[in-house]
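Note that the chains take the letters A, B, C and D in the order they are written out, and that residue 1 is the start of every chain.
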Amino acid sequence: MIEAGPKEACGVYGVWTHAQEKVDVARLAFFALYALQHRGQESAGIATSDGRTARQHKGMGLVAQVFNEANLRPLTGHLAIGHNRYSTTGNSVAANAQPHLIETIHGPLAVSHNGNLTNTDALRRALLQRGVGLISTTDSEVITQMLAAPPPGGEPNGPEWGKRIQAFMAAAEGAYSLVILTHDAIYAVRDPRGLRPLCIGELVSRSGRKVGWTVASESCALATVGARFLREVAPGEIIRLDRNGVQASQGAPVAARRGMCIFEYVYFARPDSVLEGQTVHEVRQRLGARLAEEAPVDADVVIGVPDSATPAAIGYTLASGIPYSEGLIKNRYIGRTFIEPTERLRQSSVSLKYNPLRANLEGKRVVLVDDSIVRGNTAGPLVQLLREGGAREVHVRVSSPPVRHPCFMGIDMATHEELIAFRMRVPAIQHHIGADSLAYISHAGMVAAVGPQAPTGQASTPHCAACFDGDYPLDVTAQLKVRSRRKCAFDD
Amino acid sequence: MIEAGPKEACGVYGVWTHAQEKVDVARLAFFALYALQHRGQESAGIATSDGRTARQHKGMGLVAQVFNEANLRPLTGHLAIGHNRYSTTGNSVAANAQPHLIETIHGPLAVSHNGNLTNTDALRRALLQRGVGLISTTDSEVITQMLAAPPPGGEPNGPEWGKRIQAFMAAAEGAYSLVILTHDAIYAVRDPRGLRPLCIGELVSRSGRKVGWTVASESCALATVGARFLREVAPGEIIRLDRNGVQASQGAPVAARRGMCIFEYVYFARPDSVLEGQTVHEVRQRLGARLAEEAPVDADVVIGVPDSATPAAIGYTLASGIPYSEGLIKNRYIGRTFIEPTERLRQSSVSLKYNPLRANLEGKRVVLVDDSIVRGNTAGPLVQLLREGGAREVHVRVSSPPVRHPCFMGIDMATHEELIAFRMRVPAIQHHIGADSLAYISHAGMVAAVGPQAPTGQASTPHCAACFDGDYPLDVTAQLKVRSRRKCAFDD
Amino acid sequence: MIEAGPKEACGVYGVWTHAQEKVDVARLAFFALYALQHRGQESAGIATSDGRTARQHKGMGLVAQVFNEANLRPLTGHLAIGHNRYSTTGNSVAANAQPHLIETIHGPLAVSHNGNLTNTDALRRALLQRGVGLISTTDSEVITQMLAAPPPGGEPNGPEWGKRIQAFMAAAEGAYSLVILTHDAIYAVRDPRGLRPLCIGELVSRSGRKVGWTVASESCALATVGARFLREVAPGEIIRLDRNGVQASQGAPVAARRGMCIFEYVYFARPDSVLEGQTVHEVRQRLGARLAEEAPVDADVVIGVPDSATPAAIGYTLASGIPYSEGLIKNRYIGRTFIEPTERLRQSSVSLKYNPLRANLEGKRVVLVDDSIVRGNTAGPLVQLLREGGAREVHVRVSSPPVRHPCFMGIDMATHEELIAFRMRVPAIQHHIGADSLAYISHAGMVAAVGPQAPTGQASTPHCAACFDGDYPLDVTAQLKVRSRRKCAFDD
Amino acid sequence: MIEAGPKEACGVYGVWTHAQEKVDVARLAFFALYALQHRGQESAGIATSDGRTARQHKGMGLVAQVFNEANLRPLTGHLAIGHNRYSTTGNSVAANAQPHLIETIHGPLAVSHNGNLTNTDALRRALLQRGVGLISTTDSEVITQMLAAPPPGGEPNGPEWGKRIQAFMAAAEGAYSLVILTHDAIYAVRDPRGLRPLCIGELVSRSGRKVGWTVASESCALATVGARFLREVAPGEIIRLDRNGVQASQGAPVAARRGMCIFEYVYFARPDSVLEGQTVHEVRQRLGARLAEEAPVDADVVIGVPDSATPAAIGYTLASGIPYSEGLIKNRYIGRTFIEPTERLRQSSVSLKYNPLRANLEGKRVVLVDDSIVRGNTAGPLVQLLREGGAREVHVRVSSPPVRHPCFMGIDMATHEELIAFRMRVPAIQHHIGADSLAYISHAGMVAAVGPQAPTGQASTPHCAACFDGDYPLDVTAQLKVRSRRKCAFDD
């Protein structure tokens, strides 16, 4: 997928270490966020605690831009959490950077959040009604203020963070993977559907001593900071990290309809991360192989849209026997630029990002593998670019089904109308992008390729694939009303 | 090649358009520099002229960080030059950003320079002796001030930029690809050996009208701004772009020993650039294929060090029949960070950049293709990383010969002592990096793979390969004295 | 008084205009804060409302540094409040800048605060207990969150800002002059003792149409923005500005012990401000005149410590007949510098700020008038400077009594121990500073000079003069415990 | 004088110390520039040398904004120069900040310049003709590059800075007080007319050891850094400071028409500075006294426009017997603001800076003393402000004659047309500003008051008073052509 900014996610991280080990937890958090940078490039932040005082620094930009030695060094302590926020064009303001840190009657409390609550409006209203003033429009402030209040029926004078988190989970709807810092513990919480990923690792010294524990959105961050992967946080689970190690409890019953977002496999997660026991790269290769079986084509070369579709392209090659090559070179230094292209350049804005490799394309029948098509703005120019680069035929193969439904669980997939596959059938899309042929993997094919096999007796996939099939795991009636202003849609 | 900062280069760009076409030349330069970002990430700058007044903006950082609408908009005019400077740790100061712009008796003059003069000290001294004060330590200031003076025997009152450039070429030694802006023309100049690349393109309107002409370090920048590649600037040639189009003249006789730096093929240039009629990607694939022939190995999978060695790895796959796969995932967001890793993390600093893909490595005999080994700091950790990822055997194959000699023609390849292949023979290096086997392509193999065939009657390669064979195309006695403090070296 | 940073205060401002008058209220607030800059130089901020949405900008530094056209222009609306915060060395952080803006169930709410609550700890604790998380250590956040909650017994669904403010006033102890912005009204509130100043003005168009109303800490801000002074806000009063004009109500009963801080007359307020019907400059002249009567001296010239003591020096001159002159030149550009003087320069740090005028001092007997002596660090060096400038005798006269007690009502006057007049009797101070004579105005003299005459039947002064006499208008037992760690003090 | 930005000047500073004394010369320069801040607020810079290497830092803004510990600390060495540049609206760019530092064949060379060369165009042209490219439009770059060249007939290989400076003095016309830093010496140079001030001081340790020598635009800077005033640099003199102390030589013959700018006495210099043996404050008092004799008025109170006219107002008081008081309060925090006042506020823009003191004005006949009237934009609003403050009559008295001619020797006094006294006779000005009476001091009165008495046989004043009488001490025909586009002027 090559479009700019069609999706929203975040990266979360937390670490607890024994104070006497003198681990520089802020630095650890920095490198973990660095490894999770693909999950959010708008802002970054770290909060630490030394058992009494919490400190934080956050700012706009990449983690390497936000932090320097001068602002990292004061972040002392033996526990820390961190956050990367995704860049959306709209509300990109410093006040929304996370973690959100407050003082409560029981000391400091900071929250890093990945996901999207679907009943935020009601939760905000309840807080305002209770007389709490809010300073931002973020979910994470809402969560923090909800945790600051004694839980209904709870002992008002005890911290009882566990009970407070349970009370939050009882009230909140939607997707959330949370990492929470109190003065002396880290909590990791995953919503009852387990929509967004979250995993636990262990920090071990060279001599094998357990130094601490750590949680992260993806296992690639654990590998980067040298932590040993333990397991994923289960849906509805609350994990507490403190001097007693990893303590698990069920914070809310697992939802009837559960399952992690399948788009993490398709595009989001880093290929070297392990989700549900599978390396993402491996899954993407399987998707590509399945795609080759379902939609074979007589061609000379397979290329992927770099870099996200490369694993699927390799899978297509392995299954089809058509040689793999590189046909598009991506500018490695593409970053956020605020310079608008001229009219002349805008016409071919993909050419600012990609150039074709004539030597590998000239006179050839090309299979172009992409991981997904969301808005469909750039597939057309890419096909055109390959033709200009000498390709005789261009056959587009997509390793996920058509995206026809917006996501309300943490990926900003725009409205129905912006989704090309909501507006057009596949043949129309093929014509629109000018490909010689176009095929998507089937829904069943994707489910089978992703695996793992659905538990016996459970008919459907164990993942949320609502963006493909519209089968939302929770009630999104309100959201659909707001987002989709167009009433009628074609029946595919 | 995966080491940080072992080489120095720059990107240069220039564009001349007919004023009535109202082309936003600063914006064009911006996107061209964006495409040339791989040649330098320390600073960026653009200078423009509207026929009378020159304006410029430059700053530290990536081109997308240096420029915004507010500082780009005032850069009006119909001709422009630009520059990307490489990031070295030492003299990274704003005063050294280019272009270097001065006022002369004949109006504004700005210079963008890629390369390295080998007699800078003498040239500086001559300027200082002449009573010119200098404000920086850059070659480009020296060049600009040399051009500001009337050429010996020249008419002092006429601009005669061509003659001035010839006088500069007569005095200067070393590597230089220059783009020069005067009030109404752009000059492009390449040293008599043609050591660094430089090419010419044509801007054509949709209706086929010639809008202007443009020069760039690499053709990928021409493609990005939608210009049509015309040809390369020849060694010793002076190109003048003005209302009369492209005017060429020979500024200095072509050197007896000539030839572009072969390292541009090996590592430097963007794979989609065309050098001497060949796409760089294609050459790298050929290097990989030749390497497979010269140094075959019984293995299960071929992987490349991402991203620079991917084309060579693909070439190795095609020639050997061993399947290609991805085995190392690179953090796409690695940028400059000023945060030092902790002791713990420093031990495995490559793991901040790369993670292994267990699924593709587990139990396998792996061929790891790299494009070059310079200092040898990271090959060892990478081999180790692959083993931790499950690889049964790791066979390192390098698609360029051992780097044994420093470069004084524009690539900062450190001193002799820092080059691992100067200090160690290949078996020692293999042991040092812990590989099951190690092989480099042969010198002859590289020359043959790069091509094109040397013209009849010319014995040696038509490229500078001094970093591999020590056969410098010009006198570097003085440089060698300074750089190599160790007297004896082994004979391989 | 010439010491750096011995006191803390703030400037507050608010304006309400009829929307159809299209007054640029943010700009008005800017210039009002500019006029109130002497009350606080650490940070500045402005919040506006257009009837629905509130916007704000704030930052560290002088108001002219914090605001520019780019950040002022988005502050649209027809009502605004502003704030200048005093620079203290300790908690000088951006998060403490005011106004403090939150969203409540009834829309936006922003608060600017001048003063110091004496029961902040209890109020914070009550909020935290109620489950409200706090993000700063400021009084203003506490006030805002207190106002966000429905008042006890209040109708939870109605805004009833007036009742909420009353509930706040019932709970809060200490000094506060507040300016509050809701979506459509401005409130101005003064504590029941009227400790800090606050006044109301009227904006009238050239044709005499009433355009709006405005409130400010001091009348000098009204004059600067062209508003007509109406009256002061009375102790305990709540003023509401909206489309119905100025509506007053008593928010809390006037305290038994009431009276504005007399130090506003002595040093704080701008000399052109009118407090309680008197121009501050005039009061300072009277203080100087009274001082001349109480403590005459046979001398040749009267000089004041510039600029704050100039009015008292003029008063001394008028009453004594001794000619006035300038004897010390102050560097007008003294601002905050972060450069530490060298050892050599530190010895005479007052000489970085002042130079003596030999021509006016040579051989003369000099009366040096100062408005107050707090820590006593600089009086000595100043006397020394005058002697070096040629003064034959230096007689120090202080137009306020010895400062012996810390302030807890909005002026940061340090602890008992830091006050020189708490540690030493007057003769010891005279010896300490090396003056030929030293005299302070008497307490009764100050009270008489400040006026206005105390209402019949009220024995004491109608002002708070606790820093001079220790007679605090409210219970400060807790504060005294914290601040004064030394148990015994001399009996004067 | 109260107008914004009508004049241009600069502050220069230099210090040489014995290396073994380990004086922090950059810090000394910082505090000296701090004391000279009134001479320029646009930019500040410091260059140092440790005998071999020169270092510098400069930037836009006040000296306290430009420097912090981090950028001051690297400025090591035992000699330094510094510069404050005046803020003009036009060419306020960082590239023009001084000192201007270059490398020459004889090592580093840096120049700080106060003044204005009148033949800059010819000097620039000569440099450009010689083939030297220039990077700014400043005089100081021109001077530096002139000094970089071997003097005509000079030994090209010796530094001979003295001869080079002489050669510069022979070629340059206009006003210049220069402080020059070479690798091991400081030079101070004053133009042959001595138009701008420059003085020498001595740094002595507490034990009386001579630590070093220092030069500054004004003696107030010497006092601030604890240096002992020695003498002024004489017109045409070159002073060299090095290990041998202060060495003087005559660099150019003293001009026939010589004399320091009289406006330094009138307005520019700090009142505590000593010029030609006289304290500036004392001279201003004498000007006020003379003004009282020449233009008496029956009035109740004398007030000065703060702060510059206060000494003259005191002088007027002393001579007239009319009591002195303060009638206008100036906002002490007026700094550069980039916020435009609203239409409403613009009408009375002086009220953003000044408020009247009703108590001192009500019903009174007021003498308003100003030091000068240049453009005449603000005298009218000030008179109006006093009337609004209750003044019954306002009599304006100006302690310098009408300014009728632009200055080309370092004060940017605009063009003829912008000078109100060029366009109008005094009665018209009085009517224009709405005063009850208006009088300026006579030319003869000013000359007599300033003193010292002209040497016998020299008819005219020993000062340049061209802005008052048009009697320029050098040829300004070219400048007059450019500046005055209006041909006819009235005959007064």
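A few notes on this one:
Here is the rule we use: contacts are C-beta pairs under 8 Å (C-beta built on N, C-alpha and C of every residue); 3 or more make two chains touch, one makes a residue touch a chain.
Keep in mind the model is a prediction, meaning the values are calculated, not measured.
Relative to chain A, the most remote chain by averaged C-alpha coordinates is D.
Chain A and chain B have Cα centroids lying 36 Å from one another. Per-chain CA centroids place chain B at a distance of 51 Å from chain D. Per-chain CA centroids place chain A at a distance of 63 Å from chain D.
Among all residues of chain D, none touch two or more other chains. Taken as a contact graph, the chains are arranged in a single closed ring, with each chain touching exactly two others. Contacting chain pairs (ordered by label): A-B, A-C, B-D, C-D.
Across the complex, chain B is touched by residues 101-105, 109, 125, 128-135, 144-145, 148-150, 156 of chain D. For chain D in complex with chain C, the touching residues are 23-24, 27-28, 30-31, 34-35, 37-38, 41, 62-65, 67-69, 72, 220, 223-226, 270-272, 279, 281-282, 307, 310-311, 314, 317-318, 323-326, 329, 331-342, 344-345, 348, 351-352, 355-360.
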